[in-house]
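Across the two complexes that follow, chain A remains constant while its partner is chain B and subsequently chain C.
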Partner chain A sequence: MAPLEPYEKVYIDTDFLDEDEDVHGQISCETCHGGNPEEDQREKAHIGMVNSPTDPDPTNACGKCHADIVSKNETNLHFSLSPFKTKIYKRADADPVVRDKINTAMGNHCMTCHSSCGQCHVSRPKSVEGGLIEGHLFQKTPPVDTNCTSCHGSRVGKEYHGENKGVKPDIHHIKNRMECKACHTGDEMHGTGEEHFDRYEQTNRARCEECHALASQDNKEQEIKSGKYREHPSHIIHKDKVSCQVCHSGSYKNCYNCHVGKDKAGLTYFKTDPSKMNFKIGMNTKPTPDRPEKYVTVRHIPVSPKLFDYYIKDALTGVDQAPTWKMATPHNIQPKTPQNSQCLACHGKNELFLSAKDVDSWEVKANKAVFVTPPPSPEDRHDWLDKAELHLARVDCLTCHDPKLAYPIKDCSQCHTGGSMLLTGPAKEVDYSIFNWGFTNNELIEDGKYVLGANSIPALDIIAILLVVLTFAGCVLHGFLRFVFRRRK
Partner chain B sequence: MSDKLYLHPVPERIWHWIHALLILLLILSGIQVHWADSVNIFGGFSNAVTVHNWAGILLVADFLFWFLYNIISKRIFHYIPKMQEIHPGLIVQARYYIFDIFLNRPHPYNASEDNKFNPLQKMVYLMTMFVLMPLLLISGVLYLYPMLFSSLISVIGGLKVIGVLHFIMGVIFASFFVVHIYLATTGHTVLADFKSMITGYLPKEDH
Partner chain C sequence: MIMRSKSTGPGARIAITSVIIVICYVVSLYFPVTVYAQESGCVECHTSMKKLIDITRAIEAAKPKVKKSKETAGEG
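Presenting the complex of A and B:
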């Protein structure tokens, strides 16, 4: 994010006073900012003036007109950052002295990332040194560059805009130039009015299904009726089991360790280890009715047992009480990704799934619930199948695991037969005549697959049957004649 | 002098009945595998394939045993026809089965402990055990391990060639199986040859 010019931080555009440009310009300055406009002297006039009139309480400045939104301010995640507090408290020693130190540390560091009404709609957030945007003209939708990505830039912003080396931008950015607001509505930003301790608890958050109705089971019947139904089988198979990002996101940034402190000049700082691009699938530790998926993408958060050592040593005695790999929704969505290129790109690829091998020893207990117990390999799952390796290599998984079927096909004879299911075309009558020297289901052979039972030569089959039957008949006749002649004798 | 011939030593008899059982299982399971949609003998395609695979592997071992046993014991010579057994032996033996048998004429060639097969038996066994059986087994093994032998299969012309060859061999052996059982009834008595494959002894024929 480019820094603001010094004047930009304080410059108030005269357009602000134009009612057509911004109705807020019709409200006198002191109504929001305090101070005394009747005073002649600057110092006196500024007594009681507040720089940021909506932080921490926006009631006076905004409440008169925007009472509903203001009423949610205390629980608004951007303002309260309650998930931060919750997770830190979960890890922290309960001793009041320790808590006090931690609160100080959090106030100096973690909680500075919060945002108030004004820090979204009028200025940039304090955490990035503030500064007016658009000359104090109120922004109904905060600008992406100066506001959203000023806090959400290093991970989400870079992912979305494709600024991580080797990872494509999000399809929503490339294709439709969608901005944050396209998914993250004002409603979501302002919260529900209920206290949330995890951002995924918020029910009015952005959801892929809002737009991608085809991925939603609820809309399926309607889609079928309207003839628009073209749901990918994978969506049916993985629904409620796998989050959208598991199949559709690329690798994303993971941050490790964090140490906070103050430098010699008393300025606060934080340090993290170099971030790593990675992609990990973990267990959803808090499935909810609207997020029931078992497997989700997880991201490593910057936390360390020594996080607050500058303020108090070993404060995070319960560092193993909360996972360090958290459910994440990476913002680099692509229709095609390595993991959805084919079923076996995920199934059997244990390295994609989070395990104890991926974490430091102090994190093992913390992430136990997130670790994925490696399922049996596809080979082991199909060990009942003759030549499992060959089947896995040559047969499209969806042939047997067709979601339109109530259960995966385990009846071999549905493929190894004249009317083989392996052919996607309509079932054909097989010409079992002595003149048909071609192979049945020849399309399979042309595709490089010879399938036992499904490929045979009808003419040869007829000859074979005739040969055996005539041989048998010949033996019976011969025996009968022997019997007759011997009796005559 | 004994009135019985000891034609089939114990190893040969054990081998013979194992061989017979395996061939029968292979024919039946082969039929089900080939016509999976209309034949169900073993309770499902998968079972039939399993039976066919295991019986096939055992047949390879069984064939190797037969071959080594006959080489080492020198009983392989029972299968090698002499010149006069080819001509006129084959014609004489064929004429017997076509005409003489109905007239209750004696067998033109009587079995002996040194020469237990008639000329036609020798030729047929020679062909089946030295040509057709290896073709059947080799095609079966390639069919069984297509990934392992993919290069060789490719050189031969792909699995379709292997599959058709294996099928043809299977059909020939199925026909042979029928004829073999029937001709076993043409001995001295209807059951004489069957009994000899159990006891090892065959009563000498009186002429």
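Presenting the complex of A and C:
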């Protein structure tokens, strides 16, 4: 995003002064910004002027009318960035001297991205050099390009807009041009008014299910049309076990090894190793009623033991006290992804699941709770089954693992019989007519799936029965005729 | 003998006037005179692109440039 020209940063559109366009234009400038509008000289007029009147305390500027929102400011994550601190503190030495140095470092680097009322609704954030958006006209919803992705650009912004090479944009962006506000409401942006250790603890966050709820019969047709319909066996099977992103997100960016400092000129800098595109499933270490899933997508965060070494050596003595792979909600959602192409694209693909092999030695303890213990391979889990490999290769998993059943089918005779469930499912209409010279399980045979005991050609069946009946009838007739003709002699 | 009421004396008039002034002052605090943004002296400059271009250029030229460290590497 190109920076604004200096004049653009302070230019006020005359529309702002029109009551019909923006009610905020009816408030005198100095009410919020201070200064002295009576002065003719620029320098004197600007004495005591406050550039950003909502940062850090918006009470005077916004509180009179928006008291409810302002009251939540201190705990608003956009303003406080508190999880950054709480998570660093969890890893840091508790010594007050060390904490003090960490606070300085975080103030110089990590916390500079914070926002305020004005930096979302009136101007660009300070971290991108500020400047009024739309000539001071207040934006009820902050613009995506100038505001949201100013801070959420490297990961979420690039994922959503498809700027990562080889990864498609998010379906919500391609299909409906949905902007951030479509899912992330103002209520969520302003927080709950409570302190949270982790941002995912906030209960009014965006949730896929708000739009993609399991369809009812009443709105089924409409939901199918709108693409929201999600009555799929996989959804029933994985509900509350696997987060939506596990099946529906593509590869996403992971960051590594950040360290911060100041150069010879005293200018702050940060250095990170090159980001890596990856996709990993890990354990949800803190399931909540809102997010009960056991398996979630996890993203590597750039924390490193030497993060603050410029300010104080070895400050993060407890770097292994919090995971470096944390729950993530990548913003590159697709209906079809490699991992949801078939069941075995995930089940048995251990490389998708986070394990000790994926981390450096110092991270092993930190991520212990996130690692997924590899389950037995599908072949091992089905070792009770005769010709397990053949079944895994040829039989649709959902045939036996039907979500409508309390338990998966383990009875061979359910399939290997004349009335095989493979032939009599609700979607199948088996043609048993005398004129059917094909196999009743023709569909399966055409797919190369020959099911022992479940094969028949109705026409042959009828002919065989006829032959038996005719043979029997012939015998009876023969006996009868011999009896009749012997008596006449 | 004509009796003059105390309340009409000069002292009382001053007292009454003072009370009225105080009441008016207190009431005025609750009903401040609204000064709209368009009446503010600020808008004369801040709505004029031409003026702003000239002024901000002069300010930018005089201001030390905000430098960014060349040591920064990677994505933030």
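Keep this in mind: the second predicted complex is superposed on the first by the 412 of 489 C-alpha atoms of A that agree within 3 Å, B and C clash if a C-alpha of one lies under 4 Å from a C-alpha of the other, contacts with A are read in each partner's own complex, and residues count from 1 in each chain.
FYI, contacts are C-beta pairs under 8 Å (C-beta built on N, C-alpha and C of every residue); 3 or more make two chains touch, one makes a residue touch a chain.
Source: prediction; values computed, not measured.
Undergrad: Counting only touches as set out at the top, which of chain B and chain C does A:D20 meet: first, second, both, neither?
TA: Once the two structures are laid over each other on A, A:D20 reaches no partner at all.
Undergrad: Answer with first, second, both or neither: which of chain B and chain C does A:E446 touch in the superposed model?
TA: After superposing on A, A:E446 lies clear of both chain B and chain C.
Undergrad: Check the residue A:E43 against both partner chains and state whether it touches chain B (first), chain C (second), both, or neither.
TA: It touches nothing on chain B or chain C.
Undergrad: Can you give me the overlap between the chain B contact set and the chain C contact set on chain A?
TA: None.
Undergrad: Across the complex, what residues on chain B touch chain A?
TA: 33-37, 44-46, 49-50, 53, 97, 101-104, 143, 146-147, 158-160, 163-164, 167-168, 171, 174-175, 178-179, 182, 185-186
Undergrad: Touching residues of chain A toward chain B in the complex: what are they?
TA: Those residues of chain A that touch chain B are 384-387, 389-390, 393, 411-413, 416-419, 439, 445, 450, 452-453, 455-457, 460-461, 464, 467-468, 471-472, 475, 478-479, 481-482, 485-486, 489.
Undergrad: Can you list the residues on chain A that touch chain C in the complex?
TA: Per the stated touch rule, the residues are 5-7, 9-14, 16-17, 25-31, 33, 35, 37-40, 42, 45, 113, 129, 154, 253, 255, 258, 261-263, 265, 267-275.
Undergrad: Name, in rising order, each residue of chain C that touches chain A in their complex.
TA: 34-43, 45-47, 49, 52-53, 55-57, 59-60, 66-76
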